[in-house]
Structure formats: C-alpha cells, structure tokens
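My structure is below; once you've seen it, I'll send some questions.
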Amino acid sequence: MLDAAKTTDVQAETLLEVNNIEVIYNHVILVLKGVSLNVPRGGITALLGGNGAGKTTTLKAISNLLHSERGEVTKGSIKHRGEIVHELDPAELVRRGVIQVMEGRHCFEHLTVEENLLTGYYTRAEGKAAMMADLEKVYEYFPRLRERRKSQAGYTSGGEQQMVAIGRALMSKPETILLDEPSMGLAPQLVEEIFGIVKDLNEKEGVSFLLAEQNTNVALRFAHYGYILESGRVVMDGPAAELRENPDVKEFYLGMSDEGRKSFRDVRSYRRRKRWLS
Amino acid sequence: MLDTSEGYTTADGRKIGGVVMEMKNITLRFGGVKAITDISFDIREGEIRAIIGPNGAGKSSMLNVMSGFYVPQEGEVWFHGKPRPPLKPYEVARQGIARTFQNIALFEGMSVLDNVMTGRLTQMKTGLLAQSIWKGRAEKEETENREIAEKVIDFLEIQAIRKTPVSRLPYGLKKRVELARALAAEPKLLLLDEPMAGMNVEEKEDMSRFILDVNDEFGTTIALIEHDMGVVMDLSDRVVVMDYGKKIGDGTPDEVRNNQEVIDAYLGVEHD
Amino acid sequence: DLTFPDLSYRTGPYAAGGIPFSDGYNDYFTLLNERDGGIGGVKVKVTECETGYNTEKGVECYEATKGDSPMVYQPLSTGITYQLIPKATADGIPMHTMGYGRTSAKNGDVFSNVFNYPANYWDGASGVVNYLLEINDGNINGKKLALLYHNSAYGKEPIRTLEELSKKHGFELVLLPVDHPGQEQKSQWLQIRREKPDYVTMWGWGVMNQVAIQEAANIRYPMENFIGIWWSGAEHDVLPAGAAADGYKAVTFHNVGRDFPVFDDIQTYVIDAGKAAGAGDQVGNVLYNRGMYAAMLAAEAAKTAQEIHGTQDITPEMMRDGMEALEITEEKMAALGMPNFGPSFKVTCGNHGGDGMVGVNQWDAETQTWSLISDFKPTDSEVIGALIAEDSAAFAAENNIESRCK
Amino acid sequence: MSDQFVFAMEVTLNGLMAGVLYALVALGFVLIYKASGIFNFAQGVMALFAAMTLVGIMNGQVPFSHLINATFGTDLHDFGWHLPALLAILLTVGVMVLLAWGVQRFVFSHLVGQEPIILFMATIGLAYFLEGLADLMWGSEIKTLNVCLFGESGCLPQGINETIDAVTYEWFGYGFFIDNLDITATIVAAVLVAALIAFSQYTKQGRALRAVADDHQAALSVGISLNFIWILVWSLAGFVALVAGIMWGAKSGVQFSLSLIALKALPVLMLGGFTSIPGAIVGGLIIGVGEKLFEFAIGAPFLGGATENWFAYVLALVFLVFRPQGLFGEKIIERV
Amino acid sequence: MFYREAGDFHTTYTSDSQTFPIKFDRYRYYVILVIAFLVVPFIINDYWANAILLPFLIYAIAAIGLNILTGYCGQVSLGTGGFMAVGAYACYKLMTAFPDVSMFIHVILAGAITAVVGVLFGLPSLRIKGFYLAVATLAAQFFLLWLFNKVPWFYNYSASGQINAPEREVFGILITGASAPAWATYLFCLIFCFASAIVARNLTRGTVGRKWMAIRDMDIAAEIIGVNPLRAKLSAFAVSSFFVGISGALFFSIYLGAVEVGEAFSIQKSFLVLFMVIVGGLGSIFGSFAGAAFLVLLPVALKVLGVDMLGWPTDIVAHFQLVIVGALIIFFLIVEPHGLAQLWRLAKEKLRLWPFPH
C-alpha cells in the first residue's frame, strides 16, 4: 500500500483545476451544482460517490465531451496548467496530454483489438518504431489482448474491452489520464492488476490520474487524495488515508461496520441513509 | 463435498429442491474461438447459483446459451427434466426464464415504467383490434399488469423515477431498472449478468437485498454472474468457476474459495 | 383588369422547359399592356404561380387564384390538367391545354370548359406518320417505327393512335418505354441497334430528351430519322449533344424563329423597356414562341368574348364563350405581326381542338436554329376522331354528362 | 454463335459500363458513411451542385445574377471569360472543400453523437438547401457541359468506340457498341477507387475514419478531431460528386435531374455494403449487368419494358436476404 | 409556472395511463377538437380546404402510419409512396366496382388491402435492418409504381392511364368530385384523421406499442425478453400500411380527384412523409401532426410571404423556399434532434419551472 502522506506534503504543481462548475444537460437538467477539485502533477486523485452523483459528468466536463451529450458547463471554469480549456476541441486536449477512458468501454466495435489500440496513437507523430514499441508495452500490460489482437473488438468479452479502452489511452502517451470506473466488470485479479498498472505508470512515468470509482475500497487504497461527490456537490475531500479512516466513509463506502466487514446477507432491513449535506 | 443429488439444505436453512435446468456437456465455438468447452452443471429449484471466472472465461456466453440466444455446437440444455429443443429466444422467455444483461440492454427510448411493463409482455394477450379500441379488454389487462409492474417498482424502490426516460438515468439505476424488468416477468429462473458492476458498496448492499428477497419471497431460482467475491461468497449457495471456457470448480462458496486451481486462476490473494 | 393566371414551373426537373414558356406567355401580355393598353382597353394582369410541375402545388395555385375571376387556366402539365378538368368545369372557368392534357377534351360536347386547339397528342402521332408518308412517297408498308416514350400517362398517349395507324398503313411499331427520369437509356438504345427501326419517334420530357438525343448520336442513329413530339423539340433538348444533334426533327403546331414582326414589338416595348418576365434571352426559342402563341390565342379569345358580350370587363364564363367562338385566320395572324405563325382554325361547340394541323421542324446544329421543313398539314381525323369519340363517350357516361351542342 | 448470345454479350458489356457509372455515384455515399455513419442523402444534389459550379465557373457566369438583377435592377450575366477546364475543375474543388467546411462547421459539429437517423435527417435538410442554393447561384436552365482538359482534342469523348466496333465485327460479325465516355469513366473510376482504398487502408487517417464511424464520442476521447476528419471526407465526397457530375452531365447536360442519379446508386450501395469502397464497384457492376440483362431477356420481351428501376432494387434485396450487410459490408455485430 | 401539472393526482392506473394525464393538456385538446369539428366546417372555404386542410389531414394520417413503423418500431421505410398508391388504386377499384357502397367502407377496405401488401413487403425486415431495410423498401416503391402503370386493369383500361374519382356520397352528401362541398370533404378527412390518431395512440400506449418500441430500441434484447420479432415487425408493417393506405385512398378520392401513379405517388412522396415524421418527431403522434403541418404550411406560407407580400419573382421565391426549408430543418435538428414534438416537451418542462431556471 502507498504512503499517501508523502505526496500530499509536497506542494505539487496543479495540472487540472476545476473551479466551482455547474453542468446542465439538455438546457434543463442541472447535474453538477458547484464542483471544485484539483489534480496535482504526479498524483492519483480519486473521485468517489454513488450512482448518479456526477462523477462521469465531471470527467466529461473536463475532457470537453459534454457537448456531444447536449450538456454544457454553465458556470465556473476548468483550467489545465492555468489555461482555461473548456472551449477547446477535445482532440486538442488530448494533444496537450489529457485523455479520458470512458465509462462503459466505448471500443470501436468494427475495428480489431489492435486497430483499436493504434487509434490511440492518432495524436502522436513519432513514427512507426515508437508506435510498435508502445504497442508492445500495452501487450505486456495486458497479455490477454495480444491473444485477441486480430478479433473485432465488438466480439470480445466485457473485461477484454475494458483492457482495450485503457490500452488505447496509454498509446497516446498521456500526462494525465481521466479514468472512469476502470474496475467495472473486471475480475478481482484484474482489478488489482489494473490498479497495479495505474500505480506503476504513476510512479515510474509520472502520469497523473483522476479516477472516478465506485469501488471505493480499491480506489482509496491506491489514491493519494480523494473527493466524495453526492448529488452534484463535493461533500468531503481529503488525503486518501484520512478518508479511509473516516467512520462515515467506512460505513457507506467501504461496507464496514465497527465489527469489521459486514456480510451482504445481513442487510435485509431498510435503513435511512445519512446525508452530509444537501 | 456437498451431496446435491437429492436436493439439500443451505447454510441458512433453506430447502433446495430438484433440478430446474441442467447444462450437459455444452461446447460453444465462434469461428476459431472456443468460448465454452464441454461444461456441465445443474441449477436447482430455489437456489442462488453463481458463475464466476476471469474475464473472457465464457460466463456471459454460458448465460446466453441458457437463455437461448446462442445455440451450442455440442451438448444439451435440460429444462424441467426434459432436453430443450433449439428454441427461439422469445420462446425460451415464455417458459419463464428472464434475465439481465452485462452491457445494459434497456429500451432507451422508453420510460422506466414502460421498460418494466415490457417484462409483462409474455403475459399480455389481447389482440391488435382490442387494443386499438382500448376500452374494455385491453384496458383491463393493462391495468392488471400495471399493478404487478408497480409492485415490482415499489419493491425495487424506483417509484420516484417511474416516468423518467431511462436514457437519463445513471448507470446504477439502470441496472436496477433492468432487474425490475426481469422480475416483472415473474420468472421461475432469473439469470443475472453482473448485476452489481459499477456500484458502490451501499448500492451493492441494496442489490443484494433485492436478490435475496426475490429468492426468498417468490422462491425464484437465480443464476448470477458476478466479479465481487464478497457478494458471491455471501449470497450464493453454490458456485461454478470457469476459466478459458472450461469448468475448473463447482461447489459451495467455501469449497470454491479453498480450491487451489480457482485461487490461481481467478481469486488471487485476498485483501480484506 | 383581366386576370390571366400563369401556372409556371421555373424550378424542379422540368424548369428548363417551363421557363421559356412562361417568359413568352408573360411577355406577350406585357406587350399588349404597353403597346395597346391591354385587351380592348382593359389592362391585363398576369398572376404567376409556381407549380414546380407538381400536382399538389398546381391545386394550391388553382385554389389561390380562382377567386380573382381568372380568364383561363393553362395548367402546363397533364397531371394538373386532369386534376382541374372537373374543378374548373364546376367553377365555370375555361382551360386551355395546348398540345397536352386530355386529348379527348377536343370533344367540346362533353368537355364544355376545356379547349385544346390547335393540336393534341394524337394529332402529333398522326403528324409523325403523315410526315413519314410524305418522305416515303406515301408508302410506309413494311417499315419499322420505334416509339421511345416516357413511361407515364403522357408517354403512353400516342400508343393507341400509332397502333391504329400501323394497321392502316402497314408499318411495324416497336414500343420502348423509358422510366422516369430517363437518365439511363442504354437498354433502349441497344435494342434500337438490334431492331434497326427505320424511324424512331419520341415522346419524352425533361432529361429524357437530352439523353435520348445523345444516345442516338452515340450509336450513330441517323438523326434525320429521329422525330420527336413537340415537347421533345426545343433548343435545350438538342444543345447538350452539340454538333451530333444536327438533323434531329420534331413535329410542331406553331412556327419557330424570331423572324416575325411581333418580336420587334416585344423587343422594343418589353425587353428594352426592362419589363421582360425572365432574363429576356429566350425570345424566338421554341418554347418561348409556344408560350407567346398561347398568350396570343388567349388574348384573341378574350377579344372575341368582348365582342360577343358587348362588354370589356368579361367574366370567365364570357371568356369561355369567346374561346368557343374563336376563329384564327391568316389575316388575323398577319395583323398581329405573326404571319403564318400557326395554322388557321375555327373553334366550335363540338370541336374544341381546332383542325390538328401539324408541321415538322428540323434542328441545324451549325446555326443553332430550328426551321420548319414541312408545312402545317392536316392529320388523320378519321382515326383520331373515332378514338376521341370513344374516350369522351366513356367520360360522359362515367360522369353523367349530357350532350349540350345541337 | 447465335445472335441472341452475341446480343447478350453486348448487353452485358454495356451493363458493366453502366455499373461503373452507378458506382461513381455510390462511392461518394460510401466515403461519408464509412467515416461518420451518416447516410448522405445530399450526395446526388452535391453532384448537381458541383457540376453546376464547374459549368458556371467555366463560362464565367456571375453567381446569384438572377437574384441580384431582381433586387437591384441590374443586368448582370457573365464576366465574359472562358476558363480552361483544368483551372475550373481546381476552382470547383476549392468550392467543394469550402462547402465541406461549411457543412461541418454549421451542421455536423452541432450534431456529434446523435443517432444515425438524425444525421440522415440533417443531410435531407442539406439537400434542400443545396438544391435551392444551386438554383439561386447558377439558375435552373440546362447547361451544356463540355470538359476539354488538354485543348480541343482532349475533350471528353462520346459516342461509339470504333476500334471495339471493328474488332468485334471481325469476331462475331456484329460490331459491339461501347461508349467512349463509359470507357473514360471506367478508367477514372479505377484510379479513384485504387486511391481511395489505399487511403483508407494504409493511412492513419483511414483508421481514424473507421473509428469515427463506430463511436463519435470515443473517437473524440482518443484525440481524433472530428472536425478534421469530417471536413476531409466531405471534401473527398465532394470531389467524387464532381467526377460523377461531369460524367453524367456530359451526357444529359447539367440540370436538376442530375441529383436523381442518387437513386441509381442506392441499390448499388445496398448490394455492395454501405461501408465498402470495393463493394461500391462490385455492387455497381452486378446491378448494371443484372438490370440490363433482365431487361434484355425478360423485361422488354415479356413484361413490357422499363423494368430496370425496380429490378435493381429487387436484385439487391435478394442479395441482402442472404447477406444482410451487403456483399462487402461490415458485419453487423449482434451481441448482448 | 405557466404550465402546471401539480395538483393532478391519479388514483387509478387507468386514469394514469389515459391519453392526456395532465388536466391542462386535456382541456386544450378538447378545445382543439371542438374547433376542428364544430367551428371550422362553418367557416371553411375552397382554398383552405383544398390547399391546406385536406393535404394537412391526409398527410397527417400518412405520417402517423409511417411513424408507427419508423418512429415506434424503428423500421425505416421509403416505400410510403408505393403504399399510398396501393390505397389509392384499391379505393378506385372498389369505388368503380361497388358504386353504391359508402365511401367509409371503401376507404377502410383500401386500408386493409394496403395492410396486406405492406405485410408482404415487410417480410424481408426480419433479416434486413437499418438503412439497408430503408433502401430495400424502395424495391416496393418502384415495383408497385411500375405495376400500377403497366397493368391496365388497375386503371380500368382508361386511355390516359389516369384514374379519376367518380362522384360518390356518404349519407347522401357528395364527398368526391369537383362539386363536393368543402366542409364535407374536410369533415370526412377529419374523421379519419381523428380516428387514426386515437387508434394509433391506443396501440402505442399498450402492449403492441411496447413491443414495437422494444424492437426499435434493441431488437436482440427484445427478443430475449419474449418479443417475437417477426410478429412485432409485421404487425407494425400492417398497421402502418393500413394508415398509409387510408391516406392514399383519401389523397386520391377526396383531395386530388385524379391521379397518375408515377407523379402523385413517386419516391418524392415517400421522402416527404418521412421528412414529416422526422421533423415532427419520431415516436410521437403529436409529432406526426406537427411535421405534416410544418411541411404543408411552410412552403405555402413562404410563397405567400415572398410572392404576394414582397412581390418577388416566383422562381426566386421557389428557390429561397428550398433554401429556407432546408436551413430550418437543420436548425431544428441542432436545437432539438428529436423533432418538434420533443421541442414542445422541453418547452413544457421549462414552462413548468418558469420563472426559475432549474
């Protein structure tokens, strides 16, 4: 396990800065009601929260993918290295080193696994050799993909598609990765593996991560800093280690009571959910 | 090893009955890819049967075989003690098998209520003419089935979003609506493909509660694919483990948990 | 004012034909207004309405204009004509369908409000055969005539007549339908190559004309043996094929070129005065002349009506009477500055279609002009008359129309 | 050899030629569909627009002259120059690129991620718009198109090919008819197809193109600029439209009906598959030969003729029943 | 707060699933009905009937029909023109064969015959999907047109190949032919239009409608939860063709009175009705009306504005008409891709919140 305190002590440069943004879908549905967060260079920042809390929306707001969902940022600002970016073309952001791995995989169905990975190289122009080398690297991370490289991505299993999506993002040699629910649908071993890769990239190559996760358990184990989102607002934030010890987080997000881990069999009764704010 | 030939009693004292569905030597290939190799296992009345295994092991494919969407090249599916002839998926559905999907397959253009009502389709019988007039038979049937759908909606606590188009729902709620749609069919056998993917612990707890309650109150037999070992171990009565299309383990959660092959292929070291 | 609606089509697939016709129609009335102060001293108002050759828009135009006491409708489309025949009749407004529309409307006994003088489709078909007889010294027995036609009601019009005539004169008839729009006619022209007909006649419209003439040139079919109906014989039909179209022929019921005094007047009073309906570049073109001719016939009918009823402000009903009493003579045409521009004829209660005089035009690619190579000659009234009687009788029976001419 | 057989051979050859002409139109559809999943209803109108622009530029017509004259009472018609064809073609390509940019900027950049039917609808709007615009700009009369690339002698040849006529007469005692224009079209089509295949298979833009077709959002997320890709393919499609417009317009003159050639391309697309460039060619050939032979053998003698229009569609339908994605189309992925 | 739905509570499922669950909507709807049935017939004239209201009502029926197939069941069809032709010719044959039978029956039978033809051409839909199916339905379009043009039996061997609607009555009132009074033709079409809308609404809110929508949204999943895709698709083809057939019959017998198949029911007609459905909103009955109104009224309105009010030359106006209609279609799509109906829904949602932004 990581020592979270180490990175939070040092005042690292802020890569992404989200200032009090408000997001509206379809001109009527207000989803984010003032979310602020920072992604420091070299850090793994986790964005936690229940269903519909607005994690995906936050990530999409950052990577400028909201437009195609008929959503827009109506208030606040998003800065990358101090520059306002929310008017940019999403492709431009990728060129600047920020890439998103979308929730639900979004592979190019008709392209083969390998072609899918190669599309990740689109923004780079370092020649074929570098491309092959990076491809090789991805295959090392995900040997399963090497086996399936020639099959159409549409026919691979859910987990394989998740690997493709992450591998594809790695091909662009990003500086910051926005990772939306990487663990969803993955076998436990693979979850560990993927988080291992995240940690590896973070430590060895200095890639920064903003990580939206439901799997709070794992996320807090690997992240340095965490934000907890509830219905479009940040309700709590702090170094991951502190959050892990917070009793509310423990109860609602880690599924632990005072006696340790609860069994899923024992939750047959109704219970009121405690809200921090809102 | 638990002897299941005559039915058995679970750890929490539920009585498990005879075999509902039995997979006999199923082999499924897609071109060169062998998704399932010679797998056999059974599902018994009233039990919660989990299927686990690494990604791409063939779990979803197995579920698709059960629900008639894939036709295996070899092997037979026995249902209620008889070999099931190759049926169209909708015919399988009419025999009382309902399911949810790994990649949510809701009808995005419809409201939650309509989606749940589609679960009742197999039970609704009025013809085109009666429906075009509406008053009378069609309306009565609609109302009756609506009541059942509403019950399911209440049961899954999604009343508040009844009229919302599903395309606007967050992932977790969609999963719940999918479960509602499957339950509305009042199935004898319920197949769930990763019902708790993308949920946090609290929501998983909710989901677990629903699954247990369904099993408990309606005696529905459930087959379940899930990657969260906590859930699987807590909920299921028996577990099938698949790897690379082969069965590598089958038994109670405890048996499976301690099976070395399973640990190597799937579980890895435990953390909590 | 006397209102003459102009259901034109300056857009859509047939715009190339609609524009010159409408220009001619408008310009002639403008000329009357500018030079003569209108018809019998009453100014003429032309209300143009765009139909795009589309029946529904035609109906809309009709309904929109029928309230301002329109003198006569020229629907300019066979489809719209069929639409309007019962409507206009019920509303007491006359219609003039010159060289198109419902052929049997010639029988004024049944079609009280529809006029199709001076010639109709069946005259056209007969005119083609007459011309063949003329150049073959009266004998076309054993010759082969191919009819290349737009596969629609319009294109099928001449078939009955030609079949009758082929029985009568002993020539063989080959039918070659072309589907709308007619961009692709390889099959038909390969068939013509195989069948080697002595003559090809064409009932085409729109792009079909241009393609047919080009294809004829491509297979080197002798152009002088290729004869179109008057809707397949305008400048824009032959121009795309360039020099290869030289010698192509088309039947006609009016004269061509701008060698008539009336055009000098149009030039001075209309075009030079900046009052032309279009760009002013169509004067003398086949369809421009046809439009102008139609306007002239309408104006003359209006004058006749004014005489009959002794009032200058005539109603549509009076106009109808004027049309039914219309008489066009050599002298009248000459006085109008259009000597020998069209045949002379006389409309009667029983005959709304004139005498069906048809001439033949030929295209000279060098000078880019059409010229009349065979004068207006009568058509086979025996064959046509029988067909008209048959068809109009059926219509009368269907609609309970009683004979009104004594 | 029997006459019928020789005739059938001639019909087949001409069917192949007609097929190439259909394929030229179909190619434009394929390009856009492949790159964006958009079924571009406006392709036919684009051919019309391109051809009209070419003629207008060649003849030095003043654009919008009719409108200007009507509003300001001026009397403008043309600039009084005649541009060489090659220059005019280059300028027209420029106009088509501009159009592509406009289409992207004002239409499709606002519709990223929408369902195919919505995008289809937008192209319908575009078709209306372009048709009106073309008429406003250049007028709706028929215009004669005569492209002479290399001086007077290098004009697009039309009419029967004498060599083939003579040679086949030697062999069969019946000279075959092959149109020179069709031969030119075949050569042009072959070059075009080879170039397009090379582009989509061997370049990274080609891969990006296919990625975009699958999932707009995901393509954006990996840094593929939809703007760029779409302007690129719409420009390419505009160019293909221009080529088709020239070939078809040479025969019939440039006029409104040119936009209807799209209808001849649809069965070709269906049969070849919406996403395949080779499919467009093969589909075109099959449709061309099929409909001509049917008309020759059955349609004309037994059914009264003019069967080609529906037969092309029925033929394509029959193929589709066996291969629902067309001969070369990408397999429709059906999974749950 | 202009638009309110609060205060409307439903105590039964029946009342909740009625056509207009919100009281405000219901009243507005009654007002429109009263005007349409009781006011308009007294003030209608020939121009309004023949140039605007008849085409609007008839196209609305066709659009409802196509909307069922395309909007609800997701099967894009470009054969509407052909199916309208079937309705028209069936009606013509019936009218001439049984002159004494009421037009109501003829029109309904024409619809039924079209439904059968529709099912026949719907068969390939089991295997062919999406735009491929759309293009495949063109086969129906072209084949049917060819057939009606080629076989003289269909047009009773008339010399011109046109079909003309003879004068026919309903309850002693003339409703076809030139002398039929405007109010009668209008009411006749209105009744059909109203009934079509009601039937379509009933079908789409019930089981059949949900089956169609399930097939549209995800056909595989639909099949797995128990929808028989063949039956669902064919029933959509049947119902859709039924309405389209009725509209074709009315189009011919009441509105135009004379029809030539290649012109009146050409492929342009198929496109026009499809445009109506998409512009109006796929999967919305209201959208069918909105789309029909949009595409019937807009050109007329633009013409009146350009020619009659501004006095521009007709051709320039016609060209501008194309430009403007095209631009408007694109504009609406950008504002709201799901058609006028969705635009209306969103407007209501906003009004409900007004004056508060969210």
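Assorted remarks:
When the chains are written out, they are named A, B, C, D and E in that same order, and each has its own residue count from 1.
Keep this in mind: a residue touches a chain if its C-beta (ideal position, glycine included) is under 8 Å from a C-beta of that chain, and two chains touch if they have at least 3 such contacts.
Fair warning: this is a prediction, and the values are worked out from it, not measured in the lab.
Counting steps between touching chains, the shortest path from subunit C to subunit D takes 1.
Counting C-beta pairs in contact, the pair that comes out ahead of the other among A-B and A-E is A-B. Among the remaining chains, the Cα-based centre furthest from that of subunit B is the centre of C.
Centre-to-centre, using mean CA coordinates, subunit B is 42 Å away from subunit E. Distance between subunit C and subunit E, defined via averaged C-alpha coordinates, is recorded as 37 Å. Once the centre of each chain is set as its mean CA position, subunit D and subunit E turn out to be 32 Å apart.
Centre to centre, using the average C-alpha position, subunit A and subunit C are separated by 75 Å. Residue positions 10-11, 15, 19, 151, 179 of subunit C each touch two or more of the other chains. In subunit E, the residues touching two or more other chains are 146, 220-221, 224, 313, 315, 319, 322.
Annotation for subunit D: residues 66, 135, 140, 304, 306, 309, 335-336 touch two or more other chains. Taken in their complex, subunit D has these residues touching subunit A: 112-113, 204, 207-208, 210-211, 213-228, 330-331, 333, 335. On subunit A, the positions that touch subunit B within their shared complex are 25, 29, 48-53, 56, 103-104, 144, 148, 151, 155-160, 162-163, 181, 184-192, 214-217, 252-255, 261-265, 267-268, 273.
Within the complex formed with subunit A, the subunit E residues making contact are 346, 349-350, 353, 358. Subunit A contributes residues 24, 26-28, 30 to its touches with subunit E in the complex. By the touch criterion given at the top, residues 46-47, 50-52, 55, 146, 149, 158-162, 164, 166-167, 177-179, 255-260, 262-264, 266, 299-300, 303, 307, 313-315, 317-319, 322 of subunit E touch subunit C in their complex.
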